[in-house]
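Each of the next two complexes has chain A plus one other chain: chain B in the first, chain C in the second.
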Partner chain A sequence: MIKRLFCTLLMLNVVAGLCTGCWNYREINQMSIVAGAAIDKISDGKYKLSVEIIDLKTGGVEAKVHSKKLECYGASVYDAIRNAISINANKLYWGHAEILIISKDVAKEGIVEILDCFSRDPEPRLTIDILVSKEETAEKILDSQSITTEVRTFEINKMLDLEKELEKSPKVEIYEFINSLGESGISPIMPVIGLTKNSGQETSQLSGTAVFKKDKLEYMFDQEDTKYYLFVINKIKGGILNVKGGADNITLKIIKSKTKLKPVYNNGKLYFDLNIKTKTSLSEINNTTKFGNVKDVQKIKAEAQSELKKEVENIIKAAQNEYGIDIFGFGKSVKQDIPDLWKKIESDWNTVFKNVSVSVNVDIDISNSGLLSRKIMMGD
Partner chain B sequence: MSKEIVSQKQASAVIIMYTLGSTLVLGAGGFAKNDVWLAILISILMSAPILLLYCKIQMFYPGKNIYEIFDSVFGKVIGKVMSLVFIWYSFHLGSLVIRNFTEFIVTVSLQKTPQNIVGLFMIFLCIWAVRAGIETIGRWTAIMLPVTIFVIFAVTLLFAPLFNFKNLKPVLYNGMGPVIDSAFSVFAFPFAETVIFLAVLSHLKEQKSVYKVYFLNLLISGISILLVSVRTLLTLGVPNISILFFPTFASVRLINIGDFLQRIEITVAMVFLFAGFIKISICLYSTSIGIAHLFRFNSYRQVVALLGLAMSILSVIIYSNTSEMFDWSDKIYKYYAFIFQVVLPGITFIVIEARKMFSRKRKLQQSN
Partner chain C sequence: MDMVIILGLWKRDKNNAKNKSVANGEKSEAGSISSTLSKNIDLFRNIFRDDDTFIVRNVENQNNKSIKCCILFMEEMIDTTVVSENILRPIMQDNNLKNNNDILNQFQNRVITSDNIKKSSDVNLLTNSILKGDTVLLLEDSSEALIISSIGVKSRAIQEPESEKLIRGPREGFTEPLMINLSLLRKRLETPDLKFKFINLGTKTNTKICICYLNSLVNRKILNEVETRLKSIKIDGVLAGGYIGELINDEPYSPFKTVGSTERPDVVVGKLLEGRIAIIVDGTPVALTAPHLFIEYFQVNEDYYINYYFSSISRMLRILGFILTVSVPAIYVALMTFHQEMIPTPLLISISAARQGVPFPTIVEIMLLLIVFEILRETGTRMPTNIGQALSIVGALVLGQASVQAKIVSAPIVIVVAISGITSLMIPKIQGAAIILRVIFLLLAAFLGFYGLIFGITGALLHLCEMRSFGVPYLLYLTSMNPYDLKDTIIRAPLWNMKKRPKLISTDNMVRQAIGRKK
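After this line comes the complex of A and B, so read on.
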């Protein structure tokens, strides 16, 4: 009995020795938590990584979160990340990184190694938002003024999250980009970020969509076009619709919207049926607009429908004629719905896409008009 | 020492946990791409007759484990050889599972910790559990299985906002070939791996419930694996699944509900580890009673620690890198395992039937 007790105690001691700490432990004061990063290339082909790290120094009663910027260089992205140690003394921790901004020059040369680095390493998450900067360096975005938060990249992340109320920029996470890159019949896209002036200082602004062919940046289009693009790919959750018919200036608020894309193959001819069904409410009309009864609502509805139809057709035509890049996933929908046909046309999808016809049907429903029943009266 | 008794409920819990084991980590049927659900359904159907075979073998010799069955079916010499083959399979399978889990832990979080240290700590726990006996393992699993199943289903609900049902289409784009191929993979890993339970289920309270145990397992673990695979496909999409080593884990990392419920992957990894712990323990148990039977030890407990350590050492030297491990488990394992999962029980079954017919004939002759 005593021998057994002794053995147990001995074992416990040995185990206690092993339980004192982790093998490769990291304390929070030994890491620099990364909030986001911007990637540029400098003249000799090296990567320049500008990393925004969170400054955890607390002072006084109110502990505010501040950020600092680190600049590091390396032959590859991962090399640049590690080189941060030589100026920072702390290892970067990527578990909380939210934003990755890629400069347009890097994007034109191909971004697959960046995607590889960030999805291969277990620290950063696959839910990092990626953006293309349209300024000459992506680093400039990190230098711009923050308005509501102290950390620049967290603010960009919030802006992207709130895009569901505006819908003028897509929100793309790394894994979604890898998905569209890997699928056939769809080209990947990314939101664009640029600079604008706000009360005299430069601040960053989400400004449209960047289109990629394979992993290389092809072209960008602006915010308004992005909205109609999002209509096509069924990503609209909110936002507004502006209708200008003659002297009328009507603003509709989108409550919900659903787009159905259906490829049809009939008599050896392929075409697409695009049905957009949108529920809106009236938010603003000007003085000339007639509004008050069912007939007026019908008229506004018709105007809005033809306007949206025109814009959506324009964005599809532009993609077909100017660049010939299938950003809508038309090819993918053929693959999913008519797989036999896709096997035949996959090899020359780019030419098929350029000439394929798309019939757009828009159904806008104006379900209410806010607090007012008619326009504001003006007497003499 | 009195014989250990496991109730039907406990045995079912253990076998379900065992089947979920490393499948949750490695993912099942990824080769079938969009048709992974079909591959899993086919593999469930494929498994049913084989599991019936296992049940039949157990029912011929109620209360005996597979090693004793080998002895009485094939006689002392061939029986020992058969036992040795079966021991090798459980030993090897155990170290494969240890390797899967250490690889997972080392890749995902403890990158600088040597793999053998992680494996050593896992095997210490398993040695302890196996020495405590199958009854203890049964009781522990009966408590932990509901937790595991709950986590699997609850996490699936959290995935709902990320689902993209278009990922299921197109159905059968590349034909039936890859689907059958990956159905065969899922059959070999994990469903038919339950052959190891021929060494365990002799402890059942009522030998008849062996049917219930096997088929309840096929139902519950089948549904769970189907659910996990389909939700991974729906969230990540085919291109991501094809390049990721641990797609299930990666997909759980995507969950973010209102910036509040996020980073729950550790909870899920814990559940993976519960299941892995049971799987390693059962393999170790089967190996130990086999060795004890072969060398006529009084109790299998004498060899557990030794075999457990040997298992963890084999797990370190068995592959030189992760790619080798996935090459093996994706391409070679199903053919290798076929010998132990189908051929060996098949031969046993045929010999049992032949002997039965033979003895019936002899009885008839005697009575004439």
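After this line comes the complex of A and C, so read on.
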């Protein structure tokens, strides 16, 4: 019995030794935990990596979490990461990195080597959020003041996570970017981050969307447009809709929204049906708005629908006319729904996209009016 | 060359052992007593020479001086009132004693007022009876002697066992004398179906051991196996039930026991009613039960005395406790030194901060504290209870708080060891196995991370699956996919739902209760 047990355990241990993938014994206090990084290029073409690490020098029971910036240079991104050892003494640990900010100059030159480095190495996760900086260097974002936590990049990560309440900026993780980079019929996008003033100090702010052609940055558009862009690609989970009709000023809270994109090929002509179905609740009205019976609600609905339709049509027009880059995945939907047609038009998609017509249908449902059933009454 | 010497030594050792056993072997005093009183007295005086507690008392009847007799007993073993009131006084004061051939029968039937009298001429039996506390009456011109029961050994009162506490349920526990323990069982099982079979073990101690079972429920094969194993024991002394438990164990090298033990008669009756066999050793307040399955570690008698929802929850907690106690230190080490990706970021940061300035690697740290905990536990078991406060102060303040403040260990390690330690105390019976498994898992995790831990768990499971207790699979029911089999495992099903006895243990008589009230 004992012999058999011993043999089994021995065999299992030998097998265990062979089965291990990436592993190593390392103590957590002997590595620098990376929270996020910003990538710039300096004049001689070298990469400049600004890494935000968690500062644990204080340690002990009453340790507060601080962050520190580490600047390192290298011919490639990975070279720069390794060069950090020469000034830091601890190996950088990328397992918990959350944010990667790329400066717009680097993005214009192409980011495929950065993506390659971060997806090839086993340590960083493929779920790192990737952003483009609007400022002249990405490093500036790391230098800005953080408000809720001491770690700048963790705060940016939280802001991205909470975008589902606001929906004015997309959230793109590295693997999503790589996926849409490889797909035909859709162009990859990325959120944009910039600086703004808050109580006199510079702090960072999510500000719109960056559009890429292949791996190169083409153009950016702002937060408001991003919201309608997210409507088109069916990524709206919350946020608000402002409706201005005459003297009315109405704010609707989006409860849920669903967008269906359907390519239609009829009589040799391709067009798209875009059906947006949104459920909202009333969150704010001004005193001039009439709000008392079903008719008034219908009126508000109609106003909101026409406004949303107008904005969505605008953003589609802009993408078609100004840059001709299919950021909505229209081509992808053709590829999926009418594959025969896609084979014919794939090579010529950019010109087809510019001229294709899109019919937008918006259906907004106002399901409730919050805690108040009418507007606040004012006497004398 | 060296090999030969070693072999030679080993051989010599073996020969020595053989010689010793011959030297130590008792010269058998086989034979019968003679009919001469003085010769017989000399015989026993010779057997018990150099033993000052051996008493020979000559007795005469006041009316019939021709009757010469003598009683022999061990001073420390007898009840003096029984000897003086029930043996000496009737013999001395009886008026109608006739000195004829029938005198031994007269003594046995009419004179001596003791509940248990036997005739015998076997010297061995007489010697053993004297040793047990019986009084032997020798008579002139008689080749037989009377063995009169007069045992008077004091014992502890029946108390609640310290090691198995409960809140609701009977509080009686076993005590040392075998007969009192058997009476506790008989009291609970008033049926002729309950059988007590005696067997004497230990060449020196000659300890009485009782095999208890319910005749209609017991599996004959298991009973025979138990008897064979008991009879094959050739040890000089059986001081406690643990001796027997270890000597008849199925898996002598395993940390897990295949013979259960309990101090509670109600538990034993519960096991008997499931067709199990109990072995009670004289002089031990512990009954052994067989077969013993893995799940029995987690079953407590109170489970059956209280609401089944609550007892199911407690049982799940006990199983969880076992899993935690063996794996928490290993999981911690694997997470902290191999798989930092799996920890939530804020936790990683706070543990990393707590570890700043700690000089030892995680595995050394955790081993140190585990050893300290085991030392505290062992000290707590052995030390006199009235100095317990000193231990808790040293343990909690000095070793816990101060060592963290002095940065010898980090605070999370203290928490991990505390969880592991407390949960190990939840199931005291499995503690020995838990300590070994914990250390094995810990070392595997320290060398190979989660891979090592998972292979350790696999190895432990393979071992458990392979084990048998008296032919019954050790993991019986736990590996079953049939929901009916799981009624008394992780959950404790309502009593009205458990209509059958465990299979394989009580094979002949499976039905525990007839269909009663419809639920």
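Quick notes on this one:
Basically, the second predicted complex is superposed on the first by the 350 of 380 C-alpha atoms of A that agree within 3 Å, B and C clash if a C-alpha of one lies under 4 Å from a C-alpha of the other, contacts with A are read in each partner's own complex, and residues count from 1 in each chain.
Rule of thumb we're sticking to: a contact is a pair of C-beta atoms (placed from the backbone, for glycine too) under 8 Å apart; a residue touches a chain by one contact, two chains touch by 3 or more.
These numbers were taken from a predicted model, which means no experiment stands behind them.
Looking at the shared chain after the overlay, A:G379 reaches neither chain B nor chain C.
Contact with chain B, but none with chain C, is seen for A:D337 once the two complexes are overlaid on the shared chain.
In the superposition on chain A, the chain among chain B and chain C reaching more residues of chain A is C.
Touch criterion not met for A:G45: it reaches neither chain B nor chain C. Applying the stated contact rule after C-alpha superposition, one finds that A:G200 touches neither chain B nor chain C. Of the two partner chains, chain B is the only one touched by A:Y175; chain C is not.
Within the superposed three-chain model, A:E183 lies in touch with chain B and out of touch with chain C [touch as defined at top]. Touched by chain B in one complex and by chain C in the other are residues 23-24, 125 of chain A. On the side of chain C, the complex with chain A involves touching residues 251, 253, 336-338, 340-341, 345, 348-358, 361-362, 404, 407, 411, 444, 446-449, 451-452, 455, 458-459, 462-463, 466.
Chain A contributes residues 22-24, 119, 122, 125-127, 175, 178-179, 181-183, 335-337, 339, 342 to its touches with chain B in the complex. Against chain C, in their complex, chain A makes its touches with residues 1-2, 4-5, 8-9, 12-13, 15-17, 19-20, 23-29, 33, 54, 56-61, 63, 65, 93, 95-96, 98, 125, 154.
Those residues of chain B lying in contact with chain A across their complex are 107-113, 117, 166, 169-170, 173, 236-240, 242-243, 250, 253-254, 256.
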